[in-house]
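Chain IDs A, B and C follow the sequence of writing; residue 1 opens each chain.
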């Protein structure tokens, strides 16, 4: 279980997360929605330990990310896919996917390679294993990013606006893969602007506004008039997004 | 040769050596600056025969060791031209030429950093080439070049230490003398190194201050 | 005024040996500088304020004290504390330490230029600091640093001429011996000058090639 417990985070005088509570059970697919600056990405960065908390606690399977000794265990259980891909430019696609399994999980090279190739095959990049990131399109790079995360066999997959840097066509190919993962039972927490997509594959939707968690509802209820839409902020947000 | 400890007179010796080093550094830097910028102006005006020759000489001077240049001037020229030449004169010639080559490169890049469009605009308004140089190019080029020039001068200060090899009694040569006499290399060379270090830092600080003044002049003051 | 290069012919073999020694010393010192530079660069970008301070002081000192003073410090000083090493090793050590100071600046710039997102990706996947440095940071930083490190190497080749002052018979030292045998300093030193310039030119060509090859995979494909 991934527990976010009354988390507070400030950058200098600006409070970005203000008492956020969230629990994710294995198998759930949870989307975090909200406007820019609401703290969505910061929340993910707190969960994977890139940002230090100013208050509250986050535990991944009972490992506290705030405690240095438990952080590495917590990180082994989650994997992150980034908005800007963050692939290692000097390594091949295969190298990118196998680096952490070999160095952190101590898998033998042959096994890591086999797993990596299978993953790349499943996202349609089986023949590009020896290419370098610079030679791939944005959508292909993000697919490599997803494989890199999955190669660690994480219990929780964290996705930080993974299609925001892609054009519509590439966005569709990446979303297709994420939908498949969700259907297969992968636990996912993702921050996204793709409302329709979130609606289709999530179990729950969480809405953040100015650092506060306004609602945390099952998908159907979130989009219902008496549920999420009853909240004026949410209604305003959804109508703005739909218009674009 | 007597082996003895340090005496207060040694401080005077060190200061004398430092004086020689600084004197040569300042004079050769000045000459190098003048020659180097005039070479760059030559290139700016695209003088036909001179420019490629200058570029060739500058490249040669930049890409060969200063020590070898010193040997060439001090040992080579007298043999060739049947003249006598003192170590100091040889040092002056070599270091000036060497500095000029590096100044040339910096000046060229500083001048080229000023967009052609500004120069064209000035010419269209009727300014002569000389006026353009004086009012448009020079001030901006100077502000641009101060940073690299300061770094160059700090480097040339270190380079002066090589003149000790051809016999000029500069700070390094005094260091050699003291080292031979007292046989305390750690103390001698640390003190010599410290003196060079302090001068280098002073030079860098002066350069930074001068740059701030120049840039303040060039800063946009608003309407 | 006579200028006759043919008198150098019988001595070409000897000069070639000197050139080989220069090449050996510079190759070893390059490796030493890069290793030293990598460590110092990591120290300068570390989160420990103490490490940052110490490494900054090291770089500051060895960039602002003349190389010949550093060389004499080691050559005359080390025997005093019981370390007896030959001139070649002393020279390589001195070149490595001085070169390391410049190399560390270059590598540090390369490290700082790495997209922080890449480091974050490495961090969250659980890679240790050591692995992140050896498999991600350094490989990327070194690839982008090839050109400026090439300048460090070229500088080192020119600086290596100073090793002749501690009785090492590298290229310049050998040339001095040839002068004493032929009594033709001008010819010898002119040739020496050109040889060094050629050497540095070839090295710069090699560096450009190496840079292209290493960064080939990282360059964006033009659509």
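Criterion: a residue touches a chain if its C-beta (ideal position, glycine included) is under 8 Å from a C-beta of that chain, and two chains touch if they have at least 3 such contacts.
Please read these numbers as outputs of a predicted model, since none were measured by experiment.
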{"item": "Pair of chains with maximal C-beta contact number", "value": "B-C"}
{"item": "Taking each chain's C-alpha mean as its centre, the one farthest from chain C", "value": "A"}
{"item": "Mean-CA-position distance for chain B and chain A (Å)", "value": "58"}
{"item": "Euclidean distance of C-alpha centroids - chain B vs chain C, Å", "value": "23"}
{"item": "Chain centre separation (chain A, chain C; CA means) in Å", "value": "46"}
{"item": "Footprint of chain C on chain A - complex, ascending", "value": "48-50, 72, 75-76, 78-80, 82, 84, 86-90, 99-100, 103-104, 132, 134-135, 148-149, 152"}
{"item": "Complex contact set, residues of chain C against chain B", "value": "1-3, 61, 64-70, 72-73, 76-77, 80, 154, 158-162, 164-165, 172, 175-176, 179, 183-190, 192-194, 196-197, 200-201"}
{"item": "Footprint of chain C on chain B - complex, ascending", "value": "59-60, 63-69, 71-72, 75-77, 79-82, 154, 158-162, 164-165, 172, 175-176, 179, 184-186, 189-190, 192-193, 196-197, 200-201"}
{"item": "Of all residues in chain C, those that touch chain A in their complex", "value": "115, 117-118, 120-128, 131, 135-136, 139-140, 143, 217-221"}
